[in-house]
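Structures incoming, each one as structure tokens.
You will see chain A twice below: alongside chain B first, and alongside chain C after that.
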Partner chain A sequence: MTDFVLKDLVAVLPLLVLGLGALLLILVDVFLKKPWPRGIFSIIIVLTSFLSFSYNATSFDHNESIFSGTMAFDSWSLVLSFLVLLGTGLVFWLSSSVTTKKEGVRSEGEYYALILLSSLGAIIFGSATEFITWFIGLEIMSMSLYALCGFSISKKSSSESSMKYFLLGSFSSAFLLYGIALLYGLSGTTSFAGVSSALLTVNVLSPLSYLALGLIVIGIVFKIGLVPFHFWAPDVYQGAPTSITTYMATVVKTSAIFAAIRVLWLTFGDLSNVWSRALWLFAILTVVFGNLLALRQKSLKRMLGYSSIAHAGYISMALLVPDNEVLGKTSGAIIFYLLIYTLMTVGSFGILLTQMNEKSDNDEISLFNGFATKQPFLAALMAIFMLSLAGLPPALGGLFGKFYIFTSVLKQNYIGLVIAAVLSAVVACYYYLRVIVAMYFVESDSATFSVNANFWTKALLTLCAIFVILLGIMPTWVSNFTYLIAQ
Partner chain B sequence: MCFTCNNILSWIIFLPLIGSLAVFILPAPRVVALISTILTFLLSLNLWSNFDSSDYAYQFTEKFDWIHTLGINYNLGVDGISLSLVVLATFLMPIIVLGSYSISKNIKMYLISMLMLQTAMLGTLLSLDTFLFYVFWELMLAPMYFIIGIWGGKRKIYATVKFVLYTLFGSILMLVALIYVVWEFYKQTGQITFLLTDLLQTKLSFKEEFILFSAFALAFGIKVPLFPFHTWLPDAHVEAPTGGSVVLAGILLKMGLYGFIRFACPLFPRASEAMTPFIVGLAVVGIVYGALIAWRQVDIKKLVAYSSVSHLGYCVLGLFALNTMATTGSIFQMLSHGVTTGALFILVGILYDRKHTRLIADYGGLASKVPVFSFMFLLFTLGSIALPLTSGFIGEFMILLGSFKAFKIFTVIAVSGVVLGAVYMLTLYLKTIFGELDKDRNADLTDVNIREMFMLIPLLILMFFMGIYPKPFIKVIEPSVNNFISLVSERSEYLDQHDKSARASFNLNKALKDTYRDSKRKK
Partner chain C sequence: MVPISAYLILSFVLFSIGAIGVLVRKNAIVVFMCIELMLNAVNISFVAFSQLHGNLDGQIAVFFVMVVAAAEAAVGLAIIIAMFRNAETTETTDFGELKF
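Let's turn to the complex of A and B:
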């Protein structure tokens, strides 16, 4: 019996490291009055967590459920942990080298601790197999974020962002809870497996189960940020500190996508004809409107916010085509897309971050006029990220991401959806290219660019760019790597 | 003698890329770029000398797995058609690099863009894997986007964004069509592959073929550009720097035609046959319309740009006539157009570098002031209106002769473009070169310098060489053209065997409705 519990604990060791590390960080912060390298400390926590993760990934049998079936320890959760830890690590790297000073983040100890806790929640959210645990994971993730959004206290928009996210986020949580309650009422259990078998044994689905499934889908879709449940996203993304925006666009989205995979594919896979129509509608609305709305944005941060909505749309297209293995065609496409998307997003937000300052909120695209002549290196990196987001070579990563998704979706004959998606991808090119227009084709209007992108920031951005290109040339690396994790 | 013959095609494609790295690192970027482009040209000549023109199959093929799970290969090969275009592309590049001496702003980046563009173009021409082709095809966009956007004229941003969005709009639908073909092939054989030779075995119904061909034709038609999709071209040409215009007219436009030859027509032969009157009709409209519009231009560069629309109409006409004479002529005309129009753009650039205006009204009576320039201009003007002994004559003559067999009325209308061509080019020449030197500001105009001579003389020699002794070119092109024509007709028969039903009673409206219903049922 003790062995059993011990094994469970070892399986969640990465999570324990994150949680305990966060608590330790706050504790040390309370006792040390002076500033200390909190960023580096939190990166060390993430690395430790990553080490225990790799130990887990290599030394355990997978496909087990742990803690009496409340959480899964399978290939999915391992891949999710990898993506979340990667995203968190990159955001910490970005934060410790630039953010905190530029955005008026005062209480740094809490800042890092909350991000660590949020990542803990993100992993639980994506690997829970029981509704209560699932919900707790979601709330740990979201609650930390509600606070984090308001962390640039010198900016009003930051508090607004925090409040908006909190209100709408709680609202969507209420949807989820209501759905969970209905499912519990229908099946008498909260475990995913139990609910799905209970629903399937009834020959005709009752209207209530449709309602429950619908509420849960809406809750998830809200977290992913698909149209028409996207209204919170632009304001929240714009107001939050840029590193937190990056975090929301990468880690939170990844976690929500994996939660969607677990609920929709693995639990309600047999009911796919019920949810796929709704999801089809959300996906097509998202790719079309996400891109159209991004067209007219003046603020680069807001534009990238809309673009992240559109990218979530592409990924959710792939959710329409379930397959059961991590290495299946569709899930491979999703994982590849999420990985590339994380790198592109960290890169583009990172460059935006180097040019912001504490005093003004200015993040307009015109801020970048003439950027290429003043900062040729950063401009070249930004151009790579923009081309990759647009899906154009030579930054092949973005192109392959879209290509994989479209290939897997076309196989199910969703021709209309794919055509809508590719046409909006052309629209998307317009606004990504606007950034390049500003940087390269417009003369600078005597704007001064801050030069304090230090070595570490540049190193991070360069690494992201190199991987965006390399993974495009050798996309098989990702599937090989996923294979390595999953087996 | 054959250097690096085992993977000569990879060397040709990636030598410019290596060159662009060298430009980035080493000082004296122009010299480095010049060396790299000349080396590439020599390598392509080496390729030509070792090319067996009696053999119509792909030669010097290279193949290895790129993305195994999706059946995407790195597969290269060359036949007579792509060989001639490769040689044209590598021949024009050193000239363009020489032209870069008139550019002072951020020269390194200009040359890097040019060299990357060359890699992309050569890759497009030499790919035999459809996905590899698509990647190189898209790769042509970004460098050109920067070339127009950074070193362009007043309306450069409008022009360059228009260029990218137009091209992208077509090509991304092509990608969807391509994935559909691959998926059909997978359903039929259980084998997933993007290799062109495999995909040519795909069985498609006539309806499918029709829709897929439309997607491909849109992508290639925009690039050519065919008549209603041509509006990006004058903008791009006028705003682009001289080098950009040369590469655009010289090689990029030919990619659309090459796409028809290599991919669209062989993959969807029956649809391309059914659509021929439509496409040729558009081409003929383009010939006459382009010529008429060119006649009324006040800007010299815009005039040359519209003349491109007109000239490329001939290429489309000859290509779709699908007989040896016309199609060979069409490819010959592509080469010839690359040489003469490239030279005309260089000449316009020479004027613009000195006086910073391209308006016809700002010039006049230049003959007395710049005799060498005027003489060069005369020769290339004559080449452009296809006077005998110049390359243009051979191309247009073969096209018109060949396509008269296929479509009589279209060809008769197209001939009027020859006359109109003479009208607008000679009018241009008359207004700018002849007469009194009556503009004071032209009094200090200097003649063509040595560097510019080095750019123009090779083009001049090639133009007359191709006009007087076209045989070496025709000899390379013709077997591949014959192979192309027989490939199309064989595949057409092959498809007919599997789908006898539709063709005779083909009704577009009904076909679209059926396809829609099918797709709904499958869902």
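Let's turn to the complex of A and C:
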């Protein structure tokens, strides 16, 4: 029995490191009055967590359930842990090298600790196999973020974003919870396996089970931010500190996508005729409206917010084609897309962050007028990220991501959906290229660019750009790498 | 003996009152109270189903939901205070900087 528990604890060692690290960080912060390198400390915590993750990935039998079936320790959760830790590490790198004080973040200790806790919740959310654990993971992740969105404490827009996220987020979790309660009522258990087998034994699903499944799907879709449940996303993304926006656009989306995979594919895969039509509708609305609404944005941050909604739309298209292995056709495409998307997003928000300052909230695209003449290096990096988000050469990573997803969706004869997605991807080029036009072809109206990029920021952004280009040249690297993790 | 359907109807009615409250009320504190009402309505369902199935899973779930609701109250009230410090109001309609 003790052996059994010990094995479980080793399996969640990366999570324990994140949680204990966050507590340690707050504790040290209380006793050390003067500023200390919290960012570097947090990066060390993430690296430690990553080390224990690599140990787990290489030395364990996968496909196991741990803690009496409440969490899975399988290839999916390993890949998820990798993506979450990568996103968290990049965000820490960004926020410790570009000083977060610029955005009015005062209590840095809590800032890093809450991000660590949020990543903990994100991994639990994506690897739980029991509804209560799942819900707790979701809440740990979201609750830290509600607070983090309001961290620019003197800015009205920041508290507005925090309030909107909090009220709408808990509203949607209440619906999710009602769905869980109904599923429990129908099956008498809260484990994923028990619920799905109970639903599959009946020939005709009762209206109540449709309602319950619908509520669960809506809860997930809200977290991914698909149209028509996207209304919170642009507002929250615009008002939150830019580093937190980066975090939400990368880690939270990744985790919600993996939660969707676990619930929709691995649990209710046999009921796909029930949820696939709803998901089809959400996906097509998202790719069309996400891109169309981004066209009219003046604020770059908000435009990137809409663009991340559209990218979530492309990924959710792939959710329509279930596949049970980590390296199947569709799941490989999703993992590739999430990886490249994380790099592109961190890069583009990172460049925006170098231009933000304490005094003004200005994040309009016109801020970048004439950027190329003043900051040729950063402008070139921004151009690479924008081209990659649009899916244009030379940064082919974004293009391959879309290509893989579209081909796997086409195989299932969702032709209309793919046509809509391709057309709106073409429309999307307009707003990405607008940034490049502003940087290279418009005269600067103000002579000064606040350069807040030190060596480490530039190193991070360059690294992201290099990987975006490399993944475009050698897309098979990702599948080889995923194979290493998930063997 | 009160039939199980009575509890479920009560839970559904409370949940709907909460949901409608979130949609129509403008004060952030009242909206927050309505969300708490929704969570507690779900708790009634959990307990009723737990009685129906004769296992304790549902009642354990209620404890977790209560913990989540308490944490939500802590975070939520802090956010509302931050809001009030910036704008001297808790009406959600007074916050319209971020739109379209």
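Keep this in mind: the second predicted complex is superposed on the first by the 485 of 487 C-alpha atoms of A that agree within 3 Å, B and C clash if a C-alpha of one lies under 4 Å from a C-alpha of the other, contacts with A are read in each partner's own complex, and residues count from 1 in each chain.
Here, contacts are C-beta pairs under 8 Å (C-beta built on N, C-alpha and C of every residue); 3 or more make two chains touch, one makes a residue touch a chain.
Only a predicted model underlies this, so the values are computations on that prediction, with no experimental measurement involved.
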Partner chain(s) touched by A:D74 [first = chain B, second = chain C, both, neither]: neither
Partner chain(s) touched by A:Y146 [first = chain B, second = chain C, both, neither]: second
Which superposed partner A:S479 touches (first chain B, second chain C, both, neither): first
Which of chain B and chain C A:P393 touches, first, second, both or neither: first
Which superposed partner A:F403 touches (first chain B, second chain C, both, neither): first
For the chain A and chain C complex, residues of the former touching the latter: 132, 135-136, 139, 143, 146-147, 150, 153-157, 159-164, 166-167, 170-171, 174, 177-178, 180-182, 184-185, 188-190, 234-235, 238-239, 296, 302
For the chain C and chain A complex, residues of the former touching the latter: 8, 15, 18-19, 22, 28, 31-32, 35, 38-39, 41-42, 45-46, 48-49, 52-53, 55, 57-58, 60-61, 64-65, 68, 71-72, 75-76, 78-80, 82-83, 85-87, 92, 95, 97-100
For the chain B and chain A complex, residues of the former touching the latter: 67-70, 106, 116, 120, 135-136, 138-139, 141-142, 145-146, 149-150, 152, 156-157, 160-161, 164-165, 168-169, 172-173, 175-176, 179-180, 183, 519, 522-523
Residue ranges of chain A touching chain B (in the complex, touch as defined): 332, 373, 387, 392-394, 396, 399, 403, 406-407, 410-416, 418-419, 422-423, 425-426, 429-430, 433, 436-437, 440-442, 475-476, 479
